[in-house]
Every structure is written in structure tokens, then in C-alpha cells.
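The structure is given below, and queries will be raised subsequently.
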């Protein structure tokens, strides 16, 4: 579904990402893990061209992502971020409906989809449809954020540390939500996080990055059983041998 | 259709601001007259373009202009910015010198009544040179005091020419020569108005501000009244004060109070000045962290010590900001005061307006702008110094 | 019933009283003639009668509105241009120009326009429009910049085009601040338009200036009352409008 072929990106003199190659098949739940500065967020944002890569090729569904307009690409991907970014002047329903409206869906279909998503994310449509973002708690806001990302039924869902700003209880609840959604819909999900536990529990595959390069690319089980080096071990909480 | 990386118009173009400014300067030099020559004061002048100046002198500014263009093509650095600033200072002086020389030449050939004034092209070139300097100095990241000195330095060559007398043949300077006494009188009067306004405004405003910081109710009423006053246009406020003051003058003919003149102006201006000062004092005091006040009380400070040693110093920056805004505002408003007979530079401005004499208007406006900018920059530097020292 | 309640609410608003006073004086300043005659017995013409105050009010509003529309359009356009990614480079320079521009008293712009254009309404409208751009421009920049970066990124990530993001997100959120800028611009214009009588325009300032040069204090007060009321009414009206928009947030 998404293919990175020797991708590189520099910001001025700093190399953010170097010689990145991997493929994400459809249905994968991929976690990109690393400390800050490892390049994981940059990698994610290169997928929907919020950041333009300098070297190499990125392909989406077989086609070079540079061949279409960024907006068209992004409307086929969901994007949820840590600061959530709900639009304060719109109701919850209007926020969720953002992309379907951009795509010109008929009104009835949009309404039905909004209700469906709110229910899926554990928010009662009757109570939450007409609320304003400022009336919501952090956890509720992020649920709406995820609903908004999923609204147009994208082929891929990109998430950049979406639960970082939430308290542990809410975080756990939302993590469970994401696992459930993945199982039920079989969507491809790419999740950026610095929390190894989150990655191991949710993902079907984990890529650990450091200083712009891939350190290890394996399933959670494999990574725990055969950590590639000391860095991986320290992330697993085990320290160097 | 391939839509790759964002299309770059000219990868060689590193700095768009100097580039745009140099294009604008070119357009101004080529499109608008550099100087206007008129046989006397009453007739409007015919223009001479920069390129048409005798002896090809008009091409001299091409040198600093080239520096500007060069800086647009190079990656910005400390050196390139300093070069641009120097080039701008040179350009300002060069343009002024050219205009002054041409005016002297024309004055020698034509009658002494001839008027040579700066044309639109020259004014715009001054503006663009100044903006180029400001843009370059911006990138140097100087502190407020250094920035003030740097801007003054850019003007230095130009001011040197001015005081040396090289610009005396220009219509603007001739107006000044004709009205030297009135000009200096206006200077003194304008400054007097500003000071006579700031003093009572501070004396009244500071205590009111302190009171407003303590009492929400007082603050609400006070700011409601002051906001209404601010909304009323200055001419209207002057006008409304004339009535009562004229009445007072009639009742007490020996007091020297008259409806028009300095008094209504100063009273009105003081009223306008109250809002920024009261607001500055009140919000300055309110933003003192309550933790700091707690600690001070806990140390056993009395109310007076608390105020003078803790609250006032911490509120000072915000207050100074309010004073700065007030000063700049009063300088501008004092121009309108000339309509009610208060004198000041407004008198020159309105005289020029009535007689369609642009040079006289400019003679009145430039000092006002200069004074306002100087006060603004000076008070900013003062505030920065105080903050750095604390 | 709802309508009656809203009218009653409005009647309690100071804006309503100021507006009523303004309209009353505009239509029937004559009613105060005895008052002015008594206060200024020395004057044989206690009431400005060259033109009706209603006419002057309309002329005044006309000039301010024409200039205000131009200023708002230009200020909005420039503010939007300078906050786009491609225009950011010019932002410091534009802010410098705005700062310097605001130290120039509005009267000065008027005084410079007259020798260049001549007397009449045109230099007045031009000067008001030029000077009026500054508050709107500054407010547009501040308003658009106040939209959090996270929100802009979310909009981009969802696939909004730049123009859609501007129209659907940035402008609606910046609106209260922009409205405040327009409010400042209009109120200043009302004051400057009063002085525009020196430039040959016919406004509410005409009685004031005629009174000042002719030592007729009654004229001055009549004109000043009208100008003051107009400014206060305009300011309050904009403030109410601004509040309505903020409530929808």
C-alpha cells in the first residue's frame, strides 16, 4: 500500500531521515517508534506530503505520491495529531464531516456517516453532535479527532502521537478503541509514538528509528524475542546486556 | 501532469524582499519625477526625471542599488546585511545630495523665486532605501538600544548634508528659511503641549490606575468613561470644551482663561492621555504574580514597602509601554489642536493645506513624525534597559 | 412576543439612546435654538443654518463609508497576502511600514493629499482610505496569526486546499479581531472626516470649522455634538456586532 524507496530528507544542514526503505502492506498496523529527533514524525508527514521528501521515492497504491495534488492524496488518508486541532467554530458533527463535505458527499450520506463514526468511537450522537469542541474533555476531543480522520473512509489512517496529551486512563481506553477499529475494519494504520508499550500492544509491526535511520523492523513478538541492539533493548526497558 | 516539488521561480533568488524593493525603486526612478521645478510658489512644477539630471549624475545611485540587488542573490549573512544597510545610508545621502545640487543649479539659472521641490520619485526612493535598511537591520537581531543607534546611523549621512547646508536650495528648506522663527516657535510650542499634557496625565492617571487595579468596580466604571472619551474625535472634544471654557473666561475675565488657545487643547489631550496611562498602570499592577506578593508579605513587608519595592518595579515595564503609546498619540493629536489656536506644527500643516503649499505641509509633518518615532524608539530603549537591569 | 422583548432589551442599551440623540439632532436641531440663544446671547446667529444637519450627517457617513470599504478591502487583501506561506517574507517589512504609518497623524495624510489632488471630497476619501488601511491590516495579520498552528496542520492534513483553509478556518476564527480593526479604522475616519472640511469637503466638521474661524461657539458645539455622537454610535454598533460574532464561537 505504501512503499518507501531509499527516501531521504534534510532540513538545511540537518539530516532528518536517511536511506529509508520499507513497505507497508494493506491491513498492517505499523508503529513508528523512537525518541524525539529520530525522524519518526517526519517519516509520517512525508506520507501525506505535509513534508516533501528530498531523495528517493514514496509510492501510494503503486503510484508516486508526487504525481497527484497533495490535497487529493490527503483526502484519501486520515490524519490525527496530538494537538487534535478540532475547529472551535464548528460543532462536533461539522468537524467530523469536514472531509466528506470537501469531497461533496450528499447531505444524507454525511449525516449517516457522522452518526456511525461517533457511535464507533463511543460518543452518543444525540448528545455530542451539536456540542462545541470547548465543551469536550481531552479524551472526547481526541475521539472526535479520530472520527474526523476516519470520516471519508480513507484507505490509510496516519496518527502522530495522538494520545500523548491524555491521562493514562483515557489513553488506555482510546488505545483499546484503536485496536478494535483495526480488527473490525482491517484498515492500514500508521501510528507514531515514543511509547514502546503502546507500540507493542497495538501494532502488528514495529519500526524503531534513531537519527533518521531504521534500527529494527519486526513484529512485536520478534522484536521482544530478538532485539537487534542495545538501543532496542533500552526501549524495551531492559538495558544493555 | 507532473506536480513535483514546489515550483521555484528562480532558484538563484534567495531574498525576495530586497529583490522586490529594488524592482520598486527602479519603477519609481523611471516612472515618477525626481524633482519638480516651478517658477514660483503658486504654480505647480514640471518634473525632471532622475536619469535626466545633467552630467549623468542621476546614474550614481545605481551603485547602492546594485548592492541591494546583489544581496537578493546571495544567501543572507551578517556581512551582506551590513552592506545593504551601508548602501541604503549612502543612497539616502546620495539622493538628497543630487536633489540639493539640482535645486542649487536651477536656483542659480532661474530667478530666486523658483521653487525646486522633491518629486514623488524621490520620496518613494527615500522610502524604499529606508525599508531596505530596516529589513537588513531586522535580520541582524540587535537589542533595542543597538537597533535605535543603527537606525540613527543610517540617517547620519543624510542629516550631515542637511546641517551642512547642501540641501538649502530645496523648496522645503526655503520654506523653513522663510519661517525660521515660526518653525522654532512651533517646535517649542509642540513640545510644550506634549509635556503639559503628560505631566497632569501622569499625576492623575497613576493614582487612578493604582485604584483601578485594586477595585474591579472602579475599573469598570473608569474604563467605560475613558473609552467613551477616546472614541470622541479630537476635534469634537476640543469643540465641546470651548463652550464651558469660554463661559469661564467671561465670568473671570482676569484669569486669562479663554475658550480657544492652549487650555482647551491641553485639557482635551490630558483626557485622551488618561486611558493608556490608567490602563498601563492598572494592568501592570494586575500582572504582578500573586505568588510574589505572598512571598513579600510573608517576609514582613508593610503595605508601603510592598508597593514601592515589589509591585511598582514589576509593573513598570507595562506602565512604560502605556506612557510610550500615550506620548506618540499626543504628538499626533497635538497637530489638530492648532485648529483651536494652540499652535504647534499643526499651524504649519493647516497653513500649507489652505494654500495648497505641499512643502509647507511637509515642513509641518516631518518634525511631527520624527518626534513621534524618536519618542517611540527612545522609550522602547529605556524600557529595555530597565528590564535588562532588573 | 420575542420581538417585543428584543426591542425592550435594545431600548435599555446606551447605543439606543445615543442613536436616538443623534437622529433627533440631525432632524431637528432647531428645537435647541432657544437653548443656544440663551447660552450665547451675544451671537445673532446661534444656530448653524447653512445646511441641514441631516444632510451633513449623510455626507459625512458617505465619505466614511466609501473610504472604509476601500480601506477594509485593501487591508484584508494585504493582510491575507502577507500571512500566506509565500508572503511571510514580507511580513516584517509590512509591519514596519504599518508602525511608521501609525505615527503619522491622519490629518497629515489629508494635508498632503490636497496639494496633490485639489480641494473637495476626493482628497478626503483618498486620505481616509489610505490611513484606514493600517488598523485593518494590523488586525488581519494579528487575527490570522492567532489561529493555532495545530489547527492549520489539521486542516492541511485533512486535505483542505489553501483557499479552503483560509475561507473555512482562518477567516472565521480571525473575524472578531478583524472586526475590531475595522471598528478602529471607522472611528478614526469619522474624526478625520470632520477635519476634512478644511480640504473643502462638506461634513459635520463644517459648522465646527466655521465656528472656530468666526468665533461662533454655538456652531462649534453643534458640530462637535454631532461628530461625537456619530463616533460613539459607530463604535458601540461595531462592538455589539463583534460580540454577536464571538458568541457563535
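Labels A, B and C are assigned to the chains in the order they are written; within every chain, residues are numbered from 1.
The rule is short, and it goes like this: contacts are C-beta pairs under 8 Å (C-beta built on N, C-alpha and C of every residue); 3 or more make two chains touch, one makes a residue touch a chain.
Remember, it's a predicted structure, so these values are computed and weren't measured experimentally.
When every chain is reduced to the mean of its CA atoms, the largest separation from chain A belongs to B. Ranked by C-beta contact pairs, the top interface belongs to chains B-C. Averaged C-alpha coordinates give centres for chain A and chain B that are 52 Å from one another.
With each centre defined as the average position of its C-alpha atoms, the distance from chain B to chain C rounds to 23 Å.
As a whole-number value, the distance joining the C-alpha centres of chain A and chain C reads 48 Å.
Within chain A, contacts with two or more other chains are made by no residue at all. Here chain C touches chain B in the complex through residues 39, 89-90, 92-93, 96-97, 100, 103-108, 110-112, 114-116, 118-119, 187, 190-192, 194-195, 198-199, 205, 208-209, 211-212, 217, 220-221, 223-225, 227-228, 231-232, 235, going by the rule given at the top.
Looking at the complex, you find that chain A touches chain C at residues 48, 50, 71-75, 79, 81-89, 98-99, 102, 132, 145, 148-149, 158.
Note for the complex: chain C touches chain A at residues 148, 150-161, 164, 168-169, 172-173, 248-249. Only residues 15-17, 20, 131, 134-135, 138, 228, 231-240, 242-243, 246-247, 259-260, 328, 331-333, 335-336, 339-341, 346, 349-350, 352-354, 356-358, 361-362, 364-365, 368-369, 372-373, 376 of chain B touch chain C when the two sit together in their complex.
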